[in-house]
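First, the structure itself, so that you have it in front of you.
Letters A, B, C and D mark the chains in the order given here, with residues in each chain numbered from 1 onward.
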């Protein structure tokens, strides 16, 4: 029978051949495709092929009520859904001219940081698996599951929490939740040594990751790279500190940076960020009980809720980078336009194509995972 | 594979034949390789189900990377039209017996994306589905439960004919092809020759052919063996 | 009588290898599971997998060479099994010796290369070219080790080597450096991390296996059981004194296989050139130093 | 380097309207002609080097597209949203605008996205081709006059789900107040051609459902 999934390309006088990575390929993150032209082992050019996860979110949102949209926004980035709801809620609040009560803001911050912890744990395993080491994936995903348990505890949803609404959060924290959170953080910190020994200081892994997909700061800025990928190039830029939202200006945290800009620097930045998130969460555990008050600013009946005319651009630092929602209202009960600026739309298309050029076939998957690209953010 | 080839089903005279058959179906139910293809957001619940916490391997299920080796195709969530084409291609490349599990409500009826112009709504219009696991998204426990159900179906296939949905694709190819053509256009064709395979493995029925397969024959460009040229 | 006896041995030796090999596969998967903090597969899982793969209703063959390649791959190992003496059964080991055996161990890779070549899948082609490169890398230390051992025992017959060790000391005591070099070569031979470059799922979708389905994949699974068994028993015979009965031989063989497996799941894979560099540097150096002592 | 206030730079552009929304947000309205000048100015003179996004909004009532360029400065920690309006064009004469790819590399992605979703051609953009919607043959789907729901009703079929346990509940007077089929058919009825009527029908259905469930805000 024919080799079906392969179409030979006739290229005349050339050594080049084409190879598909994805959409069905273990070296691709999610449902995404990357077409490579190879000369031997060296990538001559790569072309991203997106759209496998396209659902037309922006169109869907124009056809639904403001409150209904909360159910679909988290689906835009599956591994890290919390920043999506928060960003959408913040944008709507800005148009409405209301502000979430201070306690709700603290709870939101906690949710964002927990989500970041979960997303980073997920990334370590994925990145390690592209180099052939599967144990960190098993460990990371199992530890992430414990975070998901907490999500389930306080929001009711394991992955998609749909916990935020414009004006606050849906419900109060369950009793003794902070104690559980504190226990989890203790556990995660106790695992630090294991992860360091297994992954971050593993000599073979370091050899593989160092120098792979290196990006200089100028290139990163030119390609609009944000988030941990930018910080790995030596620029300490974080939306949480530079365009503060929620209560981040009251919290103490460092912005970890690395200067090499390669895959190893990126995963180290994520590792450090994970522990910074734990530090933030510890502060929240300390401060939250003393912050009393409502968790919701009342909004009109959501089924006949007309948001006044206006527009807002809300930016949040997700685990992947700068996430932004541009929401336009024409005064109706539905958004007139919602534009999602997913950080991965910059990383997974132009940056990946740029970095893949000249890389080795062995490194392509690693470059993609080290950029922590999330394909649904590209496709929407 | 040449079209003249045909596997001749001999009369089974071996008195132990059904014992062997039972043993094979027992082993089939105990060892399932699933294809590592994340079609949608439900895929996020597969890593937990596969890894340390729920550990699918103790049920005999492990991920495989290419469709050739896989037994189960997990459709994890909505399938956009672009994905659906690839999913059908993947499904046709898999070797029978093969099973499809539709995870998430989106595969049943479009789910929360029912208004979306870009996603297909009913998965079982395009390929036979063995088990649906509803939920948005189903928890790992539900995924395991669904897989357990599939295993039971395979085990009881002889009695209840639940586990052989894959035969339906050959038996009623015209129906599935019709739905695919309605969505992808008349000139839709996959590189796999399902009709030839149905003939070869003695799975053809009257419903294998119809107006849609005629249309396919009209548009089908012959697929020649591929050449790889270097210089 | 003698011919009948030989016939029985020729059948039983691969059979034992298959059964023991399946247990080794199970052990390998259990070790992985334990390191990854999970339970792992049930006891009969390797058997279920193989029966399932052979019980597939449809297969895709890419042509005659594809079929022959798999037969060569499995056949090469079956040939190796009957050259590998186990307690009570010698097969044709007395006639072949360790040199023939090491030739037989190359046949499977060549067979796979033939079969995969016909598939025309670029992933498979890249994978098999990497596999042959890796073979080149681990064969040099392997041949050196075999040569050193043969020189030391003054015999090219495995039976003779085992007898020598039973009378004197185990090879690992008398030439520890060579034994360590042998372990390196073993890791490469089994194709486990960090020398796993040719099956690399994340890059080339398990390379040579990409187009294998049904019975072909089943053939590869069977091959894997033989491979583990051969590696374990050969190393035990060369350095751990073989065994007078299965009770003494098998624990050694399992131990030998368990060691690379425990290492494998803690490391990523090297790139092709690094595989060659590592395998041509350390084990070759160790083997040469050891040879200097022996000679 | 002495810092020039951003307003001073912005005011060099003709016909500009500046709104300070809050400390880190400035809204700027300019003509379509002077937008590239503006972007060049703020990039070259005021360190606004990070193009965060380009958004297109379809103001169908005005027959215009609004293009919004969100540009961020790492040094001044401020985001300028530059709004401009271009003609919406027609099917035979699609809307055109000039690309800013030579200023901001990421514009490649956003402009291609807008090209697919709205049909605006950006002159000078390197890859004006389909990317996400390669399998889509219809009109650009994000246009307000593309009715996704009608398209879906025409193209796809639905599964009806009426299990026995639900039937039992319905017999006892319970069950689902408004079935999904009814909502869909409410959307599909041909005599209700406008969006508004269809929405009304759906809202009525939702309200009835809400009453049954006793759902409170």
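Just so it is clear, a residue touches a chain if its C-beta (ideal position, glycine included) is under 8 Å from a C-beta of that chain, and two chains touch if they have at least 3 such contacts.
Computed from a prediction, not measured in an experiment: that's the story for all the values here.
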Original post:
Just how many steps, at minimum, does a route from chain C to chain D need if it may pass only between touching chains?
Top reply: 2
Subject >> Chain at maximum distance from chain D, centres defined as averaged CA atoms >> reply: C
**OP:** State which chain is most central when centres are taken as means of Cα atoms.
**Re:** A
Subject >> A-C or B-D - the one linked by more C-beta pairs in contact >> reply: A-C
Subject >> Cα-centroid distance, chain B relative to chain D, in whole angstrom >> reply: 37
Subject >> Centroid spacing, where centroids are CA-atom means, of chain A and chain C in whole angstrom >> reply: 43
Original post:
Cα centroid separation between chain A and chain B, in whole Å?
Top reply: 32
Subject >> Whole-Å gap separating chain A and chain D, where each centre is the average of the chain's CA atoms >> reply: 22
Subject >> chain C, residues touching no fewer than two other chains >> reply: 36-38, 60-61, 120, 122, 201, 205, 211
**OP:** Enumerate the residues of chain B that touch no fewer than two other chains.
**Re:** 1, 51-53, 65, 82, 115-118, 226, 228
Original post:
Which residue numbers or ranges of chain D touch two or more of the other chains?
Top reply: 133-135, 141, 148-149
Original post:
Draw the chains as dots and join the ones that touch; what shape do you get: line, ring, star, complete or other?
Top reply: other
Subject >> Pairs of chains in contact (touch as defined earlier), listed by label >> reply: A-B, A-C, A-D, B-C, B-D
Original post:
Within the complex, which stretch of chain B touches chain A?
Top reply: 1, 35-41, 43-45, 47-48, 50-53, 65, 67, 78, 80, 82-83, 86, 89-90, 92-93, 112-113, 115-119, 136-137, 139, 190-192, 223, 225-231
Subject >> Complex interface listing, chain A residues touching chain C >> reply: 1, 3, 5-6, 17, 19, 25-27, 41, 128-135, 138-139, 142, 198, 202, 204-205, 207-208, 360-362, 364-366
Original post:
chain C touches which residues of chain B in the complex?
Top reply: 1, 23-24, 27-28, 30-31, 51-53, 55, 57-58, 60, 62, 65-66, 68-69, 71, 95-97, 197, 201, 226, 228
Subject >> Of all residues in chain C, those that touch chain A in their complex >> reply: 32, 35-38, 60-62, 119-123, 126, 193-194, 196-197, 200-205, 211, 265-272, 274
Original post:
Tell me, which parts of chain A touch chain D in their complex?
Top reply: 49-51, 54, 56, 58-60, 62-63, 221-224, 226, 235, 237, 242-243, 301-304, 313, 315, 322, 324, 326, 328, 336-337, 339, 341, 345-346, 349-350, 378-379
